[in-house]
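Pasting the structures in now, so scroll down.
In the two assemblies presented below, subunit A is common to both, partnered first by subunit B and then by subunit C.
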Partner chain A sequence: MSAARSPRRSARTRLLVFRVTVLVLTGAFFVIPLLSMLDFSTRVFGGDGRTGAAWALLATDPLLRGAIGTSLLLSLLTVVGMLVLLVPTLVWVRLRVPRLGRTVEFLCLLPLTVPPLVIIVGLTNVTAWLSYLFGDTPSWLAFLYVVLVLPYAYRALDAGLSAIDVTTLAEAARSLGAGWFTVIVSVVVPNIRTALISASFISIALVLGEYTFASLLNFDTLQVAIALQSKSNAQESVAASLASILVAALLLVGLSFISGRRRSGRAVVATAVAPTPTGPAPTPPQEPR
Partner chain B sequence: MGQGDQLSRQFRPARLLPVLGVVPFLGYLLVFLVVPTLTVVVGAFVEDGRPSLAVVRDLADPAVLGSLTNSLVLSAVTALIGGMVGALLAYAVVTGPADGALRRLVTSVCGVLAQFGGVTLAFAFIATLGISGVVSVWLDQNLGTGLTSSTWLFSLKGLVLVYAYFQIPLMVIVFLPALDGIRVQWREAAENLGASTGQYWRMVGLPLLTPAFLGSLLLLFANAFAAYATAAALVSQGNPIIPLWIRSALTSEVVLGHANFAYALALEMIVVVAVVMTGYSLLVRRTARWLG
Partner chain C sequence: MTADASPPAEHGSVEVRLEDLHRRYGDVRALDGLSLTLAPGELVALLGPSGCGKTTALRILAGLEEPTSGRVVVGGRDLTTVPANKRDMGMVFQAYSLFPHLSARANVEFGLKLRGVRPGPRRARALEMLELVGLAAQADRYASQLSGGQQQRVALARALAFQPSVLLLDEPLSALDAKVRAQLRDEIRRVQLEVGTTTLFVTHDQDEALAMADRVGVMNAGRLEQLDAPQVLYAAPRSAFVADFVGLMNRVPAEVVDGQVRVLGVALPALEGSVDRGRGVALIRPEQLQLVRTPTGSARVVAVSFQGPVSRAQVRTGQGTELVVLLSGSAAAGLAEGAPVDVRVDAAGLLVASS
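== the complex of A and B ==
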C-alpha cells in the first residue's frame, strides 16, 4: 500500500513546489513595480524620511484637478451613452429579431480587433464634425469611448440577459398592457441590475485609463495630464499613476465581488475583461433553410 | 406552406419593422467604427484626391520597415514570454481547488492587470527601473549594475519587460478556460493504461493544449502589436515601432512628404492584426472540438 502511494506523494510534493515557486516569482514581478511606485512617490530625494507632498498635490495641482474632473465627467457620459445605446438594442434583439443576434455580437466585439490607433487615424473627418457641432470641449470624446468600451460592456450585459428569461418577462408585461418602453425600463432593467453595474464599472475603469484617443486629440484627461506632469514633477506623476491604478483595481475587484455574490461568478471578470472571445468558437451565421 | 407563402411572409412590413429597432445601434457603429476603418483603407491609396500607390509604397522606406520589424519582434517576443509564463501561472492556479480563494484572487488580479497598460504602467516601471528608480538604485548600490545611468528601459528591450506586465495576466485569462477543459478522467485513463506523467503530457495533455496555446499566443501578439499608450508614454523621441510612427504622422501632418502617410501606416496595422486574428479564430475553432 505505502509502496504504491509514495511515488504519488512525491509527485504531489513536486507539484506543490512548482506551484509555490511560480506563484512567488510571478507575484514578485507584479508587486515590485507597485511597491516601487509607493516608495518613489513618498521618498525625499537627497534626504531621509518620507513625504506625502506628491500625494497632496493630487488634490491641489490645478492641471491634475481639472483633468480628474474631465475624466470623471467623461466616464459618466460614456456610461450613460453605452447603456442608452446597448441595453434597448440587446433587449430588442433578444425579443423581436433574434436572427440579428450574431451580427450584433460580431459588431460589438469588432473594436477588439480594430486597434484604437486605426480608429483615431480614420476618424479625422468625424472628429472635425464633432468639434464643429459641440465646440472645443473634451466631452464629445465620450462618443468615441462608447465604441471603446463596447465589447466589455456587451459581454457583461449579454451574460446578465442570458441569466434571466427575457421573453417570458416581456410577454407577461405585454399581456398586462405594458408598452415596449415600460418593458425595458421597469421590467427588464431591474432584473439585470448586476449586469448594468458590471458594465458600468468596467467602462469607468477603461475611460479613466484611456490615453490614446485623448492624447492624439489634445485633450487633457487624467492620463494625458499624468504624462504632461512628469516633465516638471515625476513624483507627482507616479503618485497619480498609483492612485489611478488603485481606483481601477477597486472598480474591477468590486465588479468581481458583485458578480461573485451571485451564482458562479468566478469567471465573470475574466470574461468581461478578456479582450477577445474566449467562449465557443465564432461560427459563421447560419443561413435559414 | 408553399414557397410563395414563405416569400410573401419575408417581405411583409410587419416583419421588417422590428429590424428598425436596431438601426440606431447599427448607425452608431457605422459612423464610429466602420467609416473610420474604410477611411483608412481607401485613404491609403489616395494622393491629392487621385488614386495612387505612392503613399503605400513609402511603407518600404528603410526606416519604416525597420520599425515594422521591431514591432513584429517585440510582439513575438512578448507573446512568447507572456505565453509561457502565463501558461505556467495558469497551471499553478488550475491545479488548486476550483473554488479556492487563490483562484479567485489570481483571476481578479489578472483581470485588472491585463487592462493596466498605458501611462500608469510606464510610470510604474520608471519608478522601478528608471534613472532614479527604486530597484535600479538598489541594484546599482549592491550589485554595481549601472542601471541608473542607462536608458535601456526606454529602448526595445525595456518595452519587452514592460509589455510582459500586461501580457502575462492576459495569457492567464485566455488560457485558463482551456486548462479547465482538460478532464481528470483523461489523466486517469492514461494512468490506468500505464502511462507515466511524462508520457501523459507528451501524448495527451500537450497535443490537446497546443491549439489553445498557439491561439493564445496569436492573441497576445495582436495585443502587443496594437498597443500604443505604454510605448508612447515611455518613448518620447524617435519611432522604434509602428504605432509611434503613426503618432508622428498624426502630430506633424507631413511625414516622408505625404499628408496621408498615417493612413498607410494604419492600413499596415490592420493587415497585420487581421492576419493574426484570422489565425486565432481558426485555432479557436480547433480547440473547441476537445476543450470547448
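== the complex of A and C ==
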C-alpha cells in the first residue's frame, strides 16, 4: 500500500513545486516593477536611507492635486453617463427589440477596434462643438470617455442581464402595476447591482489611466500630469504612477470582495476583467455565461 | 388610490369577454377569431397543444401582447388598448418570477406598494396572503431559499394580494414535479374559490384543466374548438380533435345509418358533430368498453397491465382493430394473454368522425 502511495505522493509534490514556481515567477513579474518604483520613488540620491519627499509632494503639488481632482470628477461623470446611457438601452433592447441586440453589441464594442488617436481625429468637429458649448473645462471629456468605456461596461452589464430572466421579471412587475421606470429602477437594477458596480469600477479604472485623449486635447488629467512631472521630478512622477496603480488595485479588490459576498449570498453575479490604469488599452473582459 | 389608502376593499368578480381576437405573426395565425366569455368568479381553463394560441390569448388579456384585431372587455370596460400595468390583473407565470432581491413578504407587498398602501396594512395584507397559501412561516425567505412549489405559492399570493379583478395563470405548475403539482393544483383551486376572482388558466395538461376548471376550452390552431364543463367535454366531445385531445380514445370503424352508429355489433345514437351518414370512425373511451369472457369470443386479449386501482387491457378484434379497455381489479383477475373475449360498448351515444 505504501508502495502505491509513494508515486502518488511524489506526483503531488511535483505538482506543488510546479505551482509554487509558477506563483513565484508570476508574482515576481508583477511585484518587481512595483517594488522598483517604490525603491526609486523613496531613494535619496547621493546619500543613504529613504525619503518620503516625493510621496509627500503628491498631496501638495498643485498640478498633481488639480489633476487628481479632474480625473476623479471625470470618473464620476463618465460612470453616471455610462449608466444612464447603457442600462435603459440594454434593458429596452432585451424587452422590446431583442433583434437589435447584435447591433447594439456591435456599436458598443466598436471603440475597441478604433485607436484613441483615430477617435480624437475623427471627433475633431465634435470636440470643437463641445469646447464651444461647455467652455474650456475638462468635464466634457466625459462624453468621449463614455464612448471609450462602452465595450467594457457593455460586457459587464450584458453579463448581469443575462444572469436574470429580465423578460419574466419585467412582465411580472408590469402585471402588478409597475410602469417602465419602476420596472427598471425597482426590479432590474437591484438584480444587476454587481454588474453595475463592476461596470462602474472598470470605467473608473479606465478613466484614471487614460492619457491619449486628455493629452491631445490639452487637459491636465492625472496621467498627463504624471507625464509632465516626469520631465521635472521623476521621483514624484513614479510615486504618482505607483499610487494610481494601487488605487486601481484597491478598486478591483473591492469589486472582488463585493462580488464574492453577493455570490455567496443570493444574488447572481456578473464579473468582468478590469484594465490596469496606466497600461495600454486592456483586453476585453470575458463574459461569464 | 391615495398614499394613505388601506388595502383594497373586496370587490365583486367581473365578467371577462374576449371578442373575435386575431393575432398574426407574419403568416402565422396564432389566434384566428377567438371569442370567449368568463362569467364573474368563474375559472376557465384553456387547454390545447403547443402553438394552439392559448398563451397568446392569455397574454393579450394581460396586456402583454396586442391583438391584431378584436376586443378585450373586462367588467364592461374595453381594455384592448390599456397597458398591462393599468389592467388590474394578477398573473402567475410559468417561469419562476419572484423578484430575487426581495423576500417573499416584500414580493407580495410589491403590488400593494405600487397602489400606495401604507406599510402597516401592506405588511398585514402580505402576511394574510402568505397565510392563505400556507407560507407565513417563510415570509422572510428569498426566492433562492424557497422550493419551486413554494415560489409559485408566493407568486399566487402576490398576484392576489391587491385583489385584482382577474387572475391569470400561465401554466404555473408545469415546472413542478408531479406530486407538488397535484398538491398545488388543489391549493390554487381552493384559494380561487375562496377569493372568488374570475380566473383564466392556461395549460397543456388535461388532468389539471379537468380537475380545476369550472369550464374547459379546448383550442386548436388559434380557434376554440369546444368550451364546456369538464364532464361534458369528456363525455360528449363535439369534434374528433377534442375527443382525441381529452382523455384516451379508441378509434373503431363504424357506420352511421339514420342517426344510429353501428359499431362492434351494437347500434347507438350518434352524438352531435358526428358524420351524417356512411362509414366513419367511432370514438370510444376505454371505460365505455367491457370485456366478456367467452370461449367463442371474436376478440383476443393482447396484454394486460396492472395500474393500481384499475387494469388496462389491450384487445385485438376479429377485424384487426386494437382497443384499449380499462377494467376494475376484479374484472381483470385471471384475464390471460390470448384469452378469447367479446367486446361490448356501454355508452349513451358515440361521436363518429370521418375516417
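As a working rule, the second predicted complex is superposed on the first by the 229 of 289 C-alpha atoms of A that agree within 3 Å, B and C clash if a C-alpha of one lies under 4 Å from a C-alpha of the other, contacts with A are read in each partner's own complex, and residues count from 1 in each chain.
The rule is simple: a residue touches a chain if its C-beta (ideal position, glycine included) is under 8 Å from a C-beta of that chain, and two chains touch if they have at least 3 such contacts.
On a predicted model such as this, the values are computed, not experimentally measured, just so you know.
In the superposition on chain A, A:114 makes contact with subunit B only, not with subunit C.
When the shared chain is aligned, subunit C comes close enough to touch A:164, but subunit B does not.
Within the superposed three-chain model, A:137 lies out of touch with both subunit B and subunit C [touch as defined at top]. Residue contacts after overlaying the shared chain place A:212 against subunit B, while subunit C stays out of touching range.
Counting the residues of subunit A touched by each of subunit B and subunit C gives the higher count for B.
Legend: residue contacts after superposition of the two complexes on their common chain; A:232 is shown touching neither subunit B nor subunit C.
266-267 are the residues of subunit A that lie in the contact sets of both subunit B and subunit C, per the superposition on chain A.
Against subunit A, the residues of subunit B that register as touching in their complex are 18-19, 21-22, 24-26, 28-29, 31-33, 35-40, 43, 85, 88-89, 91-92, 95-96, 99, 102-104, 107-120, 123-128, 132-135, 164-165, 168-170, 173-174, 176-177, 197, 219, 222-223, 225-226, 228-229, 232-233, 243, 246-247, 250-251, 262-263, 265-266, 269-270, 273-274, 277, 280-281, 284-285, 287-288, 292. Those residues of subunit C lying in contact with subunit A across their complex are 62-64, 83-91, 93, 95-101, 110-111, 114-115, 142-145, 155, 158-159, 162, 168. Subunit A contributes residues 11, 15, 18-19, 22-23, 26, 29-30, 32-37, 39-41, 45, 85-86, 88-89, 92-93, 96-97, 100, 104, 107, 110-111, 113-126, 143-144, 146-147, 205-206, 209-212, 215-216, 223-224, 226-227, 230, 234, 237-238, 241-242, 244-245, 248-249, 252-253, 256, 260, 266-267, 269-270, 272-278, 280-283 to its touches with subunit B in the complex.
Of all residues in subunit A, only 164-165, 168-169, 171-179, 182, 187, 190-191, 193, 266-268 touch subunit C in the complex they form.
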